[in-house]
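Presented sequentially are two complexes of subunit A, the first with subunit B as partner and the second with subunit C.
Up next is the complex of A and B:
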């Protein structure tokens, strides 16, 4: 179970960075399409994670992340040291 | 050979962020120079710079576009939007014609510095973000604007030191004249931040009049002590006469000719011969007589040797004919990579509105400038032909002749 405060924080960060209405972010919605991301934006996603959560990931770590729910799980597991 | 006309202009500078503001500043002799406290803190000798606001691009461009833009690309965007509007060029026209871009730019130091600092700090190249490389390259202006405006024609940055903007117009002129292109966005951009010009400061190139900013840039005056760095961007829409007439575009002026030369001598100290050959080439190619040149917008940056040698070159070329000579750098400071384009904009504004802008702070001529017809005050003067000089490090020289049509 992911803390709702973490989900809220992630949604807020993504909405601000990628300039979308936070209301369109739903757990089941597709991440790339909803945020209108391309391969360059994934580089900025790495920066965003490092800046906000303090750990460094690689763009290839995003392979397999389809929905926001996947993304929440990814951040949560990394925060818990996985 | 096609005739080449200017159908639109846009400007973002320290004396105004659009054509109307700039016209008022030119008429009143308003100076755009001030003191940057950051330069004092860094250890600059000179704290002087052109002062201009950073444009707010957030409501104008989406994140993906903004994130790739350097400071100077932002200035160039603002100037180009104004130029396209004035030229009555809309997205439909851009989508259906091979419009090009040739822009003068010769540094993007702030973006390079910020990117490298971040990589050193983080020891990770990804954490510099996706926009850094597109901000850092010299072609930052042309690569960004060509994507934003969906341009399909020529797409190159011209790096020719302080003559970059002038050479960009010259190259655009040649491409349209020869029939390779019908319409090109030409211009020049210059970043405004301490680190982009720190080495200039170290070379003692800057005025030390820190206590009197508005009196610091004094081209051709005997008491000049160096240039004042400045910047922004200027855009001009160059178009074949045929294309302009066909679409009923406003025709602001005609580009008659482009002259150029290289000094082939010292890397920083200008001479008389190189600029003279550039001016002579432009006049010869224009088919005009010396007497038809009524206004010379000099390169004159307020350095002792540069202004002296340019005054000698102008005096030797024009002989007994004494066109008005002025330097708008007295108000703007030296807009460097942008200057060759902005000074064409300033000069065309003067030609459109029948006046010569004052060369402010020109009070006492020296031996060379005493040979020229320079006014320290505003002059009501109707004229139809002007010549604009731009020179740069490495001895690159560019001269444009422009007239009313």
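Up next is the complex of A and C:
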């Protein structure tokens, strides 16, 4: 179970960084399409994760992240040392 | 802003066969650079009609951007192709151990030398102008590895030629492919290890995000990628150009980009691009015949 405060924090950061309405961020929504991300935005995503959550991201970490739910799981598991 | 006209961006392919290239390598090694230049003078005549897209783009560059007349433009097209050939020949000669036959002048301000000597990773932004590769061995003096970021197509061409010569190049390549983001992580990791990342800031490939900038009097599209990478990854940036100034003579020009931390978040890359374009314009105005972007670069 992911802490709702963490989900709220992630949504707020993503909405601010990628300039979208926080209301459109739903757990089942596709991450890349909803935030309109391309490869350059991925640089921002990496910097954002490392800056806000304090761990280093690798290319393979993004494999399998399709929805916001996947993204929450990824952040949560890495923050818990997985 | 997505470019959709294939003439308005580079398709990722470069002209020139391996056999032709190897013929020049043979001439350079056996008879010297002068002999290769002599053959080049004839090869260029073939290229003018048989490389119509390149010919047309350089013709337009000469007529519209440089405002040359028809006769001068005809001569300019020939000289541009000849100059490109010379730069390739010189590169091969230098990499084949003939660098002592050349004179290299350095315009390297103290601030640039300090940054290149520091343990930090540095992004070096160049252009498809002059002969930047001829200078890559000189970065060895800083004892740091250089990683060159380029399109996978370009990389495959170079790899094929190097394999036929059983040679390795003086730099390592990070290829950009359409279906993988791994190059972003390779760049970040290389910078964090204090390596140099060399990337060209002028050439736009298909579907690449870009910004229109005033360049040589007209609007032209520049790729955002190199500038976003440099500013987001917080690396110091050096603009670098190598120009041919005479027979077997080159000048290396460096300029340190300023600190963009005071700029608003997404304006940093715009400010960096503006400074790059201004620096590039200054060197292109001085050596216009060494401009090697063979597509409709300007929105004319």
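Methods note: the second predicted complex is superposed on the first by the 80 of 82 C-alpha atoms of A that agree within 3 Å, B and C clash if a C-alpha of one lies under 4 Å from a C-alpha of the other, contacts with A are read in each partner's own complex, and residues count from 1 in each chain.
Heads up, the rule we're going with is that contacts are C-beta pairs under 8 Å (C-beta built on N, C-alpha and C of every residue); 3 or more make two chains touch, one makes a residue touch a chain.
Note that the structure is a prediction, hence the values are computed from the model and not measured.
**Student:** Quick one: on subunit A, after the overlay, do subunit B and subunit C clash, or do they fit? Just give me the call.
**Tutor:** Subunit B/subunit C on subunit A - steric clash.
**Student:** Could you look at A:62 and tell me whether it touches subunit B, subunit C, both or neither (first, second, both, neither)?
**Tutor:** second
**Student:** Have a look at where A:18 lands relative to subunit B and subunit C in the superposition and call it first, second, both or neither.
**Tutor:** Only subunit B; A:18 stays clear of subunit C.
**Student:** Kindly classify A:44 by the partners it touches after superposition: subunit B alone (first), subunit C alone (second), both, or neither?
**Tutor:** In the superposition, A:44 contacts both subunit B and subunit C.
**Student:** Of the stretches 3-11, 39-47, 75-83 or 183-191, which one in subunit B hits subunit C?
**Tutor:** Only 183-191 shows clashing C-alpha atoms.
**Student:** Shared contact residues on subunit A, subunit B side and subunit C side combined as an intersection?
**Tutor:** 38, 40, 43-44, 46-47, 58-59
**Student:** Using the touch definition up top, name the residues of subunit A that touch subunit C in the complex.
**Tutor:** 38-40, 42-44, 46-47, 57-59, 62
**Student:** Quick one: in the complex, what on subunit C touches subunit A?
**Tutor:** 180-182, 184-185, 188, 209, 224-225, 228-229, 232-233
**Student:** Quick check on the complex: what are the subunit A residues that touch subunit B?
**Tutor:** My answer: residues 17-19, 38, 40-41, 43-44, 46-47, 50, 56, 58-59.
**Student:** Hey, which residues of subunit B end up touching subunit A in the complex?
**Tutor:** Against subunit A, subunit B makes touches at 62-64, 67, 122, 124, 126-131.
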